[in-house]
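Data first, discussion second: the structure below is written as structure tokens.
As written, the chains take the letters A, B, C and D, and residue 1 is the first residue of each chain.
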Amino acid sequence: MQRIYVIATGGTIEKVYSEQTGNVENLDSKIERYFRLLRLPDAEVHITHLMNKDSLEMTADDRDRVLEAVRDRLRESAPVVITHGTDTMVETGRMLQQSLPELRHPIVLTGAMTPLGFEGSDGLQNLTESLMAARILGPGVYVVMHNQVFPIEHARKDREKARFVWK
Amino acid sequence: MQRIYVIATGGTIEKVYSEQTGNVENLDSKIERYFRLLRLPDAEVHITHLMNKDSLEMTADDRDRVLEAVRDRLRESAPVVITHGTDTMVETGRMLQQSLPELRHPIVLTGAMTPLGFEGSDGLQNLTESLMAARILGPGVYVVMHNQVFPIEHARKDREKARFVWK
Amino acid sequence: MQRIYVIATGGTIEKVYSEQTGNVENLDSKIERYFRLLRLPDAEVHITHLMNKDSLEMTADDRDRVLEAVRDRLRESAPVVITHGTDTMVETGRMLQQSLPELRHPIVLTGAMTPLGFEGSDGLQNLTESLMAARILGPGVYVVMHNQVFPIEHARKDREKARFVWK
Amino acid sequence: MQRIYVIATGGTIEKVYSEQTGNVENLDSKIERYFRLLRLPDAEVHITHLMNKDSLEMTADDRDRVLEAVRDRLRESAPVVITHGTDTMVETGRMLQQSLPELRHPIVLTGAMTPLGFEGSDGLQNLTESLMAARILGPGVYVVMHNQVFPIEHARKDREKARFVWK
């Protein structure tokens, strides 16, 4: 059995459509429902819903909470996947890299350009890829999306293209 | 072969998620893509994209355009299905009823509470029901959604419940 | 509230893929799961799983059980939808029509060419249409599939075209 | 841009439901359609449909054709993903490993327990994982499915559990 920790922080991947307002918002968590669509016979996935925020609204305090949550889970000697809004994913990743100098496991940040369950969503693809990458990658902080693996220092969001690119 | 005319005017049923803005908007038409998921071997469905508006933004001029479009199609002696935002669907329906006193075919208004292709969407259900109802119902103006058929004078949107109710 | 009785007898619409044998079989009932995808706010749907058979294997005794089940439900003064294999759907429908001469509600037979939940399936479309037709149609026995309504005496399965045609 | 070669040989992952026979069969290729659901902005995926067989029907000649196809693609210095029936996937993988001693790239075998597009299918998950694993893994021959990576010499199909296990 491979233990994998997942820390959910919100972002587009978790947004839901509100029939009352007509907007998509971080109202509810849904990644558990989508994990259940995957077959993970020898993975023990532990999901923590840390917060549910658009990443543009994440504060320094929020990032400290993410850091503490990651630190706790690394003590269990297992990889960590963080679902996160794409707008400040790199900022959070860099902070983690600077604060956690002696990693022995991979920390994978992922998210989505379109919410899970909306037509054309990349959410389930990115979750699937991140769980696979978390098993294979060496220690380090990475962004994993769209069949790409970026060491955090080389990741940059290209808003126009709606994806990450190398820098 | 049964001919059925579909007039698309926008509304939630056609909204798409924009990866650039993070909003759902009437940017693009998609009902044709969803009609293709249905098997309609002896129906000849003619779709007209008349406008693509949130129904709260429909003006009296817009409603006149809908009326003209319906009048044109009724001349072909076939039922008409109108996809429409739910907020002012009843208003448009009543105007049609008043302006078209001698109907020989049903006019069915439908829409959705959640856009086509979003998880939990009622859009394809409502399209499917409307095409069926358009074949069976007698002359008149109706709202058809959620397995319900409302003669237009008895339809009222209940925003809290996110559906239509009898009045 | 509109009460609707559903009697499930099996057929392709309910077939499931067996990972052990690699075949599709009537092993398990699934229409309830698919009904839950529909919004039916004022319908009270009562589902009975009468049997789960490929309709080519239905016997005269099985048809008698269907007849008894229909008779019971008609006493409640509500329409009845029967999910059934397409190969002998017409045979069952004709027997019902002959045995139930004084109908006051519609009896709708439906099914699918491809099982519910398989890509390209017509199952959910046919369920949606049948529930709508059961509300609107007058008394009689009908086949409802693919946006078509056949009085039972005019229905014939065209195996090549994988649909029903008029006769 | 990362080039990835995909060689499709058939197996459950590509099976389709035939409305004429009521069986699932290797009649048609469909992985291309499912690849199109994935976002692969910097991957150049080349798909070859080598054969479309239930893997229980693969002959020694068929395996030689697979070997030749892999050899050709390895010359282009890129990883290879092979979609394959699960019943003899290990046999093909071992033959490749023995015949290709000096690998400089990963060869990933994958498949599915339930065909692509059938409810509950693991096919898209396995394709997604294999494309990710093909980018990260070192040289060698592997089975990748269900969030697991098996070096070929440690893979064994457990038919009861409908998955691969370590040996």
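In the analysis below, contacts are C-beta pairs under 8 Å (C-beta built on N, C-alpha and C of every residue); 3 or more make two chains touch, one makes a residue touch a chain.
Predicted model only: the values in this text are computed from it and were never measured.
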Co-neighbours of chain A and chain B resolve to none
The distance between the C-alpha centres of chain A and chain C, rounded to whole Å, is 45
CA centroids of chain A and chain D: separation to the nearest Å works out as 28
Between the Cα centroids of chain C and chain D the separation in whole angstrom comes to 39
Residue ranges of chain D touching at least 2 other chains are none
Contact graph of the chains (line, ring, star, complete, other): ring
Checked against the stated definition, the touching pairs are A-B, A-D, B-C, C-D
Interface with chain B, chain C side, in the complex: residues 37-43, 122, 125, 128-129, 131-133, 135-137, 144-149, 161, 163
Listed in rising order, chain C residues that touch chain D in their complex are 12, 15, 17, 19-20, 22-24, 113-120, 159-160, 162
